[in-house]
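Worksheet for the structure shown next.
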Amino acid sequence: MTRVGIIGASGYSGAELLRILNRHRSVTVAKAFANSSAGKRVDEVYPLFLKQTELSFETYTPDSLDGIDVVFIALPSGEAMNLVPSIIDRGKRVIDLGGDFRLKEPFLYEKFYKREHTAREYLQASTYGLPELNKNDISKAQLVANPGCYPTSAILSLAPALAHKFVAPDGIVINSLSGVSGAGRNASLEISFVEVNESVRAYKVGVHQHIPEIKAALAKLTGEEVNLTFVPHLVPINRGIYTTTCAELLARSSEDDVRAVYESYYREGPFVRVLRNGIPEIKNVIGTNYCDIVVRIDRDNNRLIVISAIDNLVKGAAGQAVQNMNIMFGFPEQEGLTF
Amino acid sequence: MTRVGIIGASGYSGAELLRILNRHRSVTVAKAFANSSAGKRVDEVYPLFLKQTELSFETYTPDSLDGIDVVFIALPSGEAMNLVPSIIDRGKRVIDLGGDFRLKEPFLYEKFYKREHTAREYLQASTYGLPELNKNDISKAQLVANPGCYPTSAILSLAPALAHKFVAPDGIVINSLSGVSGAGRNASLEISFVEVNESVRAYKVGVHQHIPEIKAALAKLTGEEVNLTFVPHLVPINRGIYTTTCAELLARSSEDDVRAVYESYYREGPFVRVLRNGIPEIKNVIGTNYCDIVVRIDRDNNRLIVISAIDNLVKGAAGQAVQNMNIMFGFPEQEGLTF
Amino acid sequence: MTRVGIIGASGYSGAELLRILNRHRSVTVAKAFANSSAGKRVDEVYPLFLKQTELSFETYTPDSLDGIDVVFIALPSGEAMNLVPSIIDRGKRVIDLGGDFRLKEPFLYEKFYKREHTAREYLQASTYGLPELNKNDISKAQLVANPGCYPTSAILSLAPALAHKFVAPDGIVINSLSGVSGAGRNASLEISFVEVNESVRAYKVGVHQHIPEIKAALAKLTGEEVNLTFVPHLVPINRGIYTTTCAELLARSSEDDVRAVYESYYREGPFVRVLRNGIPEIKNVIGTNYCDIVVRIDRDNNRLIVISAIDNLVKGAAGQAVQNMNIMFGFPEQEGLTF
Amino acid sequence: MTRVGIIGASGYSGAELLRILNRHRSVTVAKAFANSSAGKRVDEVYPLFLKQTELSFETYTPDSLDGIDVVFIALPSGEAMNLVPSIIDRGKRVIDLGGDFRLKEPFLYEKFYKREHTAREYLQASTYGLPELNKNDISKAQLVANPGCYPTSAILSLAPALAHKFVAPDGIVINSLSGVSGAGRNASLEISFVEVNESVRAYKVGVHQHIPEIKAALAKLTGEEVNLTFVPHLVPINRGIYTTTCAELLARSSEDDVRAVYESYYREGPFVRVLRNGIPEIKNVIGTNYCDIVVRIDRDNNRLIVISAIDNLVKGAAGQAVQNMNIMFGFPEQEGLTF
């Protein structure tokens, strides 16, 4: 059995990792680190794990990784960069669910994350962990930067169209709706029930830290700069990302043509479902690692509309991280991820 | 006291009309017509009206309008066109909350509403009831077509920018989120709790009947054709419309400049609040006739972003209808609408 | 105009007081005290008040009450007892929405509120502000202890039956469900959206501080000790208390008889609606000062079942406080409270 | 592989059966019958099954059961009694998720279900499928009546206390809260989003068809009649039953003593978790077959309080049905039910 350590195991993504890895047939979770909950049993902090695990949270120290084969880091952005160097030095493979190693340019990190990057030398060495785009690199990676939840839905929505030059690389508009678990597990008035329920609000308009991540991944695909407006919104649901993307069509293709391109592009990706009928709905992907996508053409306005839905904690975080681990370690890509 | 009749008083918009008119100091609701609930007391169908009204629903016949000064029609689209001619013939003033008299072109009505229009001669005679745009016409109108909920939020978001040629009239992208009451009060699997809760879905992408209404109102303002992509979404809240609009900036204006134009444009409109700080949130307009608007500029992508929030049953329906009535009858514009 | 001061105006009950008093025709809110938000405009903290009020929050000092006729205190329990003595000394009338002056016995306060009472001499002087039970005392009171939300629903459910000796005073079971605003406006993991949504939990089973309040008010009515089990639950709604009470029937009365007793008992209470048909639903009382009540008899088990619904922030807090003020100052009891 | 047929596979319980059986290692779902959806693929009606199943719904006829080993019936109560005789005649084993075979007395069925029973001769032959109470009988049964969702939570809450004579068998009060999926998948105004959201309502007070089921199961345990008041409530969540039960304590036991009895009683039941700390929360059992239970003693009122939580579609329906099948066929009891 491959031995897994999770750093930051008591947050929502950490708990989701525990839930998924618990039924993975080739790994065992050997250590669950969570400094704030150290000493407590997992099932004390998350009673849903009663009778499911005997693990307790413990304090992280680099030495406690002895015997661990792969480390998941599920900490708020800004913390992983302080830990990764010593973990890499010990020869461990690392999957970071935070934002510290997703951008190649330190200045972009500093602009959008509002802090200095303290492990710049690892930025180039990291592999962006979106399996549908770069599975081969992931298989060989030592440090995988697991994509953000919004970028996962936005990049999967646009990749086939941009890669095939179906749409213009500028003037793209991406509207995303996120469930509240995306804000993490913490005490904050802004995400208290009464403030969020029966309401909707946009936030971080034009300044969200996922913007450069989306742009960089798409630019790498197309070989040219991609310009887009991204507006994230908070909606009163626990989980899910719903992304509606509009881009100018360059060719006068039919919906069937575009769909065929998307189907072909994702033929090897077991977790992207390109819908032939209907429309993505968040409820159809909750608890799963799927990304549901539909393409529509607005002929009057000459726009391609792409709509996608994922579970932000699964395909948008823990599930995709496990998918990356499966690829890195040669396990079946879907192991632990069928529901 | 001006005497009001409501046709279709038992739906959500009808009930909201009853709630608002109940405290209006210049009118009295003389008749509440609702064929399916005829004979029942209002407080039997809506127990929230217990001790608030003695009215009962009755069956509509044209003769029962004797003594009525103004008629609100709150029926599903497609029904008002069969009633309006005889009401107008009787010399009553009419405010129709449905979609039958909003479009000037019968072919557009037939394309988007999927039925023939049976009262085409009244299309030209009707006045589009968006007070912030054409208060003067409303004051003299006999037949007012009360705007749809989505159009109210979209047109108010774009009118100042288009009227002042700040943005290009094509390539506009409008994403809207609607609460479930927008779908009306009826038995349908699609809007049952379990199907809607903890989910989001887009619907009628590119074919929603509010598209030509938005385009026509904006084209009238600018004098040229307006092209836009409109994607409505259903979100799990009872009430509210949240609209995020993106348009290409023509001038390199600052956010302050654009905001000043919006403030000036709505100076006479007591129900539009152009925010200086923060962002619209649905919870701040629920139960009110306000439309909250904020403007933002995405410099990198050269786009104006406008975000607006309304209560779909108030500013998006019953409240705006009462605002129109106030203007038509010379009552203070805010009467009955302060909360 | 009577001049009102609100201490603790930035919490949910404080904001609700502002909303209600804003349309009250006989009072003006002269001061809104909120130390944590002092210096901010009310509409900055609560954007829903934009264009509705020019008030700013200010820091409370006893001297700032000059010119104020009546003071509402909407602070967490434990704070009012430090302020009330000096306010009373200045001759002001006070309505405390917290729990500090509801119990007559300091030892009960200390047992259930887990702190010492620092103004014991005012406990006997205070009047319990449930208008349906003791309107006459309230009209003359200087210090009114506004009831808790759960006690309001529980006492109104049981008062007629116990006063008329229809039910046994022991073995009573009260199950209540509360919306999340009952927990106040604060940053806490326990009331964050994800922790509350799609779930239900009981809390403070058998130890809730409202237990002695309910028992004392009912014992005063019956002249004997009342024993009851009270289980509060948190449910994922913003507002509302739903209380289901079971008590052993002493007489073999019919439902009609019991309902007649309830109707008679509340004949003078404009805000209690004893339902003849249907069942209380929280949605029918939201935003109103009503308490909807229905009585049912479970013949097989010889139990009276009483079900009631209120809005916890209105009849359970701010609305009832205004009702008390109306009684104290001789205003019409419903002033400001019709919706 | 054991071959399974599901009759009524397109409702919420049917879909949950498909979801659970999909990962069961000893069975294969050979047929999914759903007359109203016959001819449609499962993933067309439930897009969440895309890429998960190739099954299509088909019309049920008795002959189509050839080759099937076990039949689940997930139809509304009143329909199974017309199908079961012919299925039993063919020698198939049957698990009925509806209410038709839970009561032994036809007169009770007719009183509470408001229809005549057309297969009375099978009432005595059926086995009540609550594994924690009668696993042995289930293992040999040909016809298992799967318990209702409310009875599962209520009986598991009370069984140890009544079996050990800790509490009086009368004066019991059971308050239950149910998620909306309990009302089934159908078009109905009563369960439309707007009618249910932000509200709570009790229903079928004292007349719910689960009352005789609870009483019968408990009476069988104690050997004497059990009297109880049962009040079900609808709360705005998708899934879950939360049951709070109060009963008069006969012995002056401590909480620890009572908990020890409960733990001992459920020692062999892998799906009952008797909590030592904390309180059941619906979110901790969603998607699982667990029933979480806590016991508390209200010393002042001499009452035992038992609180339990289940997922109504899993332990309250499909999960328990699979647990029964596992017992009937000698599969490991938890097969397919670990999450």
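Per-chain numbering from 1; labels A, B, C and D assigned in written order.
Please note the rule applied: a contact is a pair of C-beta atoms (placed from the backbone, for glycine too) under 8 Å apart; a residue touches a chain by one contact, two chains touch by 3 or more.
What you see is a predicted model; the values in this text were computed from it and never measured.
*Asks:* Between B-D and A-B, which chain pair is linked by the larger number of C-beta contacts?
*Replies:* Answer by contact count: A-B.
*Asks:* Report the inter-chain centroid distance for subunit B and subunit C in whole angstrom, where each centroid is the mean of the CA atoms.
*Replies:* So the centre of subunit B lies 37 Å away from the centre of subunit C.
*Asks:* As a quick test, compute the distance in whole Å between the mean CA positions of subunit B and subunit D.
*Replies:* Distance between chain centres, rounded to whole Å: 46 Å.
*Asks:* State, to the nearest whole Å, the distance from the C-alpha centre of subunit A to the C-alpha centre of subunit B.
*Replies:* The separation of the two C-alpha centroids amounts to 39 Å.
*Asks:* Specify, in ascending order, the residues of subunit C that touch 2 or more different other chains.
*Replies:* Those would be 197-198, 236-238, 281, 283.
*Asks:* For this assembly, give the contact graph shape among line, ring, star, complete and other.
*Replies:* Chain contacts: complete, every pair touches.
*Asks:* Looking at the complex, which residues from subunit D come into contact with subunit C?
*Replies:* Against subunit C, subunit D makes touches at 170-173, 175, 177, 195, 197-203, 205-206, 227-229, 231, 233, 235-240, 242, 244, 246, 248, 279-283, 286, 296-301, 303, 305, 307, 309.
*Asks:* So in the complex, the part of subunit A that touches subunit C is made up of which residues?
*Replies:* 12, 180-181, 185-189, 191-194, 196-198, 236-238
*Asks:* Once bound in the complex, which stretches of subunit B touch subunit C?
*Replies:* Those in contact with subunit C are residues 19, 23, 44, 46-48, 50-52, 198, 270, 273, 275, 277-278, 281, 283-285, 287-288, 290, 292, 338-339.
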